[in-house]
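Next come two complexes, and both contain subunit A; in the first it sits with subunit B, in the second with subunit C.
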Partner chain A sequence: MFAELNSILNTSPDSFKPGEFILVSDKHTDASFLIHHFLSFYLRAGCKVCFLGLVQSFSHYSAISQRLGVSLTQAREKGQLVFLEGLKESLGVLLQGEASKGTRAVDFLRDPSSGLRGLYDFVRDNVRGAVGGGEEWGPPVLLVDDLSVVLSLGVSVGAALDFSHYCRATVCSELQGSMVMLVRCEAEEEEESDDEGSERLLRGLIHQCSLTLQVQGLPTGYCRDIHGQVEVCWRGQCDRQQTQKKLFQYKVHDKGASFFARGMSSAVL
Partner chain B sequence: MLLEVLQGTEAGGFILIQDSVNYCGRHLLKSCINTALKREEVVHVLGFEVSQEELNDGLDRTSAQRLHFHNAYSDPLGWTGNSPFTVHQFTLEDIGTLLKQTPQAKAVTLVIDSLSWILRHHDPAAICQKLQALKKGGVVRAVIGLLHSDLHQRGTVGSICHLATSVITVAPGTRGLGAVAKITRRTKSGKLMQDEEIFSINEDLTVTIQSKRSHPGSTPMNTDESEVDPTAHLTFNLRLSDTQREAKEKLPLPFVFSKEKKSALLHPGTGSGRILYEPDANDDYDQEDPDDDLDV
Partner chain C sequence: MAAPKMSMGKPTADRLPCNTTSFQKKSRSKLVSIPGTRPSIQNGQLIVSTGVTSLDYVIGGGLAVGTLLLIEEDRYDSYSRMLLKYFLAEGVVCGHELYVASALDHPNDILQELPAPILDDIASPKTVEDQAKSCDPESQDAMKIAWRYQHLPKVQTALASSSRFGHYYDVSKTMDTEICQAARCHGFYLPEHSTAVTSPTATRQSPMPETYSSLLNNLQEVIHREGFDGSVPQTKSRNILRIGLHSLGSALWGDDLCCRENPSHGHALTTFLYGLRAMLRSSLSVAVVTVPSHLIQNRALMGNITRLCDTAIALESFRGSERETNPLYKDYHGLLDVRQLPYLNCLVCDLPDNKDLAFKLKRKQFTIERLHLPPDLSETVSRVSRGELTGTAMVGSSGCGSGSTGNRHLDF
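Up next, the complex of A and B:
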């Protein structure tokens, strides 16, 4: 959890806005440090967290969270964290074929055209259970790392948007929880030629979300002291205030990240 | 013109609000709903994209009984099995039964939030036919649709725009102030009007026009401009009289060599300066005349 980011977003584990859909996107760089931030943030806030880890193993997230001061293993044992390990599940499906027992969450691997309904059912069962089960956890939170992976597994952009719509309707609107999704954009130069892709998914998700964090590499190239820039954009959904944008540069440290206004890096000043 | 479109008194209209990721058009849609409610109309909303609470936020509460929200947000595809309205029910019959739930025979406005959702699950051609039928069918007085134009192919957006009587394209304003609306309006006679206005939406969802920017295409017959003589009020003279021209032609240009000038330069009079040059031992003296190639 990065304290600096919390103050930028005007939030803290004790008081955060319910029903938010935060979209994290990256281009020419890696924004997964923000996923780790939100994971530790919501675990500290005492929320029931459902994590769809489609790109890394549990031990990867666990090791990083350990550094940020949160134990995923403990949270999982306590029932606070539900972790879908996409890599393991998909291996089961791919190797055993039809005879797999496991969850129906990764059904889309067998038939990509059927959409992500199975994955949504998995999410719904877990977040609903959190509310009905009389547990002591706070509002449910769904984290997805990252959604653009399903595109390369053959799922259409429309199906991915349907999935996120259903998740939003259930988690954000019905249960007043929060949602964080990461989308990775391919850095393609000719945007018009390949419209069916992550760019379209990103645009569709931006229309749905309430806050976007768009992480980009520096346009001038790699720099040792500034790892990139993040554009924070509040999309005025509830209040009449229209989109509000702020641009920050960041540097990821071993145990956190620092954010500063453009050109205000301590290495420069 | 934006206000006129929002007030939209003609029947059988189809207002399309186009937005993109840079600016959300839902606020304008809401103020559309609000003006329709204020006109004592019955408004039916097919809400795919936001929940009822979110849509109702800020709307006129006094006329809430004339606003009917059909919840297609929580389960638009029928996945959870308790859907009041799914995207597959977007047919004339189903919309007709929805509208008949209210007994009032008053003017009905149908708001679709948003067409993008429907277009994602239906064939665009079929949607165009249904929209046209809705427009002409007489069941509804007006249709207002929101479209996220950057989610669709240009052809799809184009064909929907062709159906609309008014297209409002919203974009963020410059310097973060207000927003820009490009309006294309088709009157019944087939005349096309275009305009560009900078607007802002107030707390009570009323629209304020801040300034108008006349579109270059909006005034096709601007003839009075050609009649103005641009040379009429100049502080200098563009024409020469004969004597002035003669005097001008007499004047030698500064770098034209006349015979007198040439001889004056080549044969300097006595008493003029000379250059004495004594070469040094180290000097690299070129024996050739450097001016050899000159015609003097």
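Up next, the complex of A and C:
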């Protein structure tokens, strides 16, 4: 959990807005540090967290959360955290001999054209169970590390957008929880991006979400002291608040990240 | 207070050996005991060498076990193939098991042309020392005009970490056959496997074509049989499996990535890499994959491929391009671009201070250096011979060039 980012977003684990859909996107850099931030944030807030880790192993997330002061193993044992380890589940499906093994959550690997129905069922069962079970946890939270990887596995953009829409309806609207999704975008602007998978996914998700954090590498090139810039964009709400944008530069440290206005890096001042 | 008194009372002869042992490094002996590996300084991951010391330095110490290195091939696949052979040769020398898959050359042929290790290890570091020594007396005798610079560290263009890890190889010779024979090697030669797999999988709708799925299955079988996945309780000592996959995505693998802009199996290679990643993460293995990226027309696809690998580097050789004759690049054979570095168990990855890198193939050795331009020589100086030019290029990169004046005949 990065305190500076909390003050930028005006939230804290004690008081955060329910029903938010936060989209994190990155381009030419890596925004997974924000996923780690939100994971530790919502675990501290006492929410029931459902994490779909599609690109890394559990030990990776666990090691980083340990540095941020949250133990994933304990949270998992207590039932606060439900962790889907995509890599582990998918291996049995991809290897032909063990086609029967694995949960239904990764059904899309067997037949990509069938969509992400199995994954949604997994999410729904876990977040609904949290509310009905009378447990002590707060509102449910869904975190997805890298939704765009399903595009690489053959799922269509439409199916991925359907998945996020269903999740939003269930988690954000029905159960008043929150949702954080990471998508990665590799497209270059100058090329025609009409048939571009990840670009279309990003545009569709920006349309759905309430807050976007768009992380980019510096437009002027690589720098050791500034790792990139993040554009925070609040969507206009019903109380006639305008869409608000702010741009920060950031640097990731060993145990956190610092955010500063453009040109205000401590390295150049 | 009690502790110093106790130690004061003891005779000093007793304490000395105690002191030497008290600073032992805390280490998990079970993991470290594998030869050819060491824990990373940064995140404690077990790493192995790529076989090229300067490449290890560039990617943050070495390849972490359980990760995947993507090499984007240069146009003629000469240098990327060499890096693959370095990687395999390092495995042979360290006693690791090998797994080689190729669709073009038979794995045994690849293994036969591995570079020979320089096992006495003195030749290469000594040249650096010599160079440093030759500079030393000169700097002592030199006038102290540039006294402000004398505390600056010597600029070394060749990249190397302070402690040695990995071996040096002589690319002009091939490895002895006895050493090669001693290594346990598993080969996957696609033409031998392609007939066997067509019938059972034809009915099943799979995102991967049969070539990739048979490779994945074969790999899993080897990992499971040899006990690299740790699921089987082991009696013998643990070892590392080095996996080298040559030219994935080329047409020989039954993939049309390189032929069309919208390939029909557009997700085949990415799905395979996802499965490979899952397999590597759960076993004691490390993989190097080369991909002919210059043939892949869809850039977004290449981005997805890179994202599914952990470390990604791209080689761009000057051979056949106009840069070969450009005087700016006369010291190098190509450019090396670090596309991606892995984030493993920590928020930050090991960021390099400089991303402009070039590689060159010396007579015996492949090295990666920081790219720097040769000094801008005016008309009068441009007549000196080429040998002196490279000499100035080596030392003069510090920006002031004061150290290089010593071996010229005329200073003015």
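Observations
Everything that follows uses one rule, which is that the second predicted complex is superposed on the first by the 253 of 269 C-alpha atoms of A that agree within 3 Å, B and C clash if a C-alpha of one lies under 4 Å from a C-alpha of the other, contacts with A are read in each partner's own complex, and residues count from 1 in each chain.
Here is the rule we go by: a residue touches a chain if its C-beta (ideal position, glycine included) is under 8 Å from a C-beta of that chain, and two chains touch if they have at least 3 such contacts.
Please read all numbers here as calculations on a predicted model, not as lab measurements.
With subunit A as the common reference, subunit B sits beside subunit C without any clash.
When both complexes are overlaid on chain A, the residue A:L161 reaches subunit B alone and has no touch with subunit C.
Of the two partner chains, subunit C is the only one that A:S90 touches; subunit B does not reach it. Put subunit B and subunit C next to each other and count what each touches on subunit A; the higher total goes to C. Nowhere in the superposition do the C-alpha atoms of subunit B and subunit C come closer than 17 Å.
Residues 195 of subunit A are contacted both by subunit B in one complex and by subunit C in the other. Across the interface of their complex, subunit B is touched by residues 117, 120-121, 124, 158, 161-162, 165-166, 169-170, 173-174, 195, 200, 203-204, 206-208, 235-238, 240, 242-243 of subunit A. Residues of subunit A touching subunit C in their complex: 30, 32-33, 36, 57, 59-60, 63-64, 67, 87-88, 90-91, 94-97, 109-112, 149, 151-154, 184, 186-188, 191, 195-199, 222, 224, 227, 252-257.
The residues of subunit C lying in touch with subunit A in their complex are 43, 200-201, 204-208, 213, 216-217, 220, 262, 267, 270-271, 274-275, 277-279, 281-282, 299-300, 303-304, 306-308, 343-349, 351, 353, 355. Across the complex, subunit B meets subunit A through its residues 21-24, 26-27, 49-51, 53-54, 57-58, 73-77, 79-80, 116, 120-121, 148, 150-151, 153, 172, 179, 201-203, 205.
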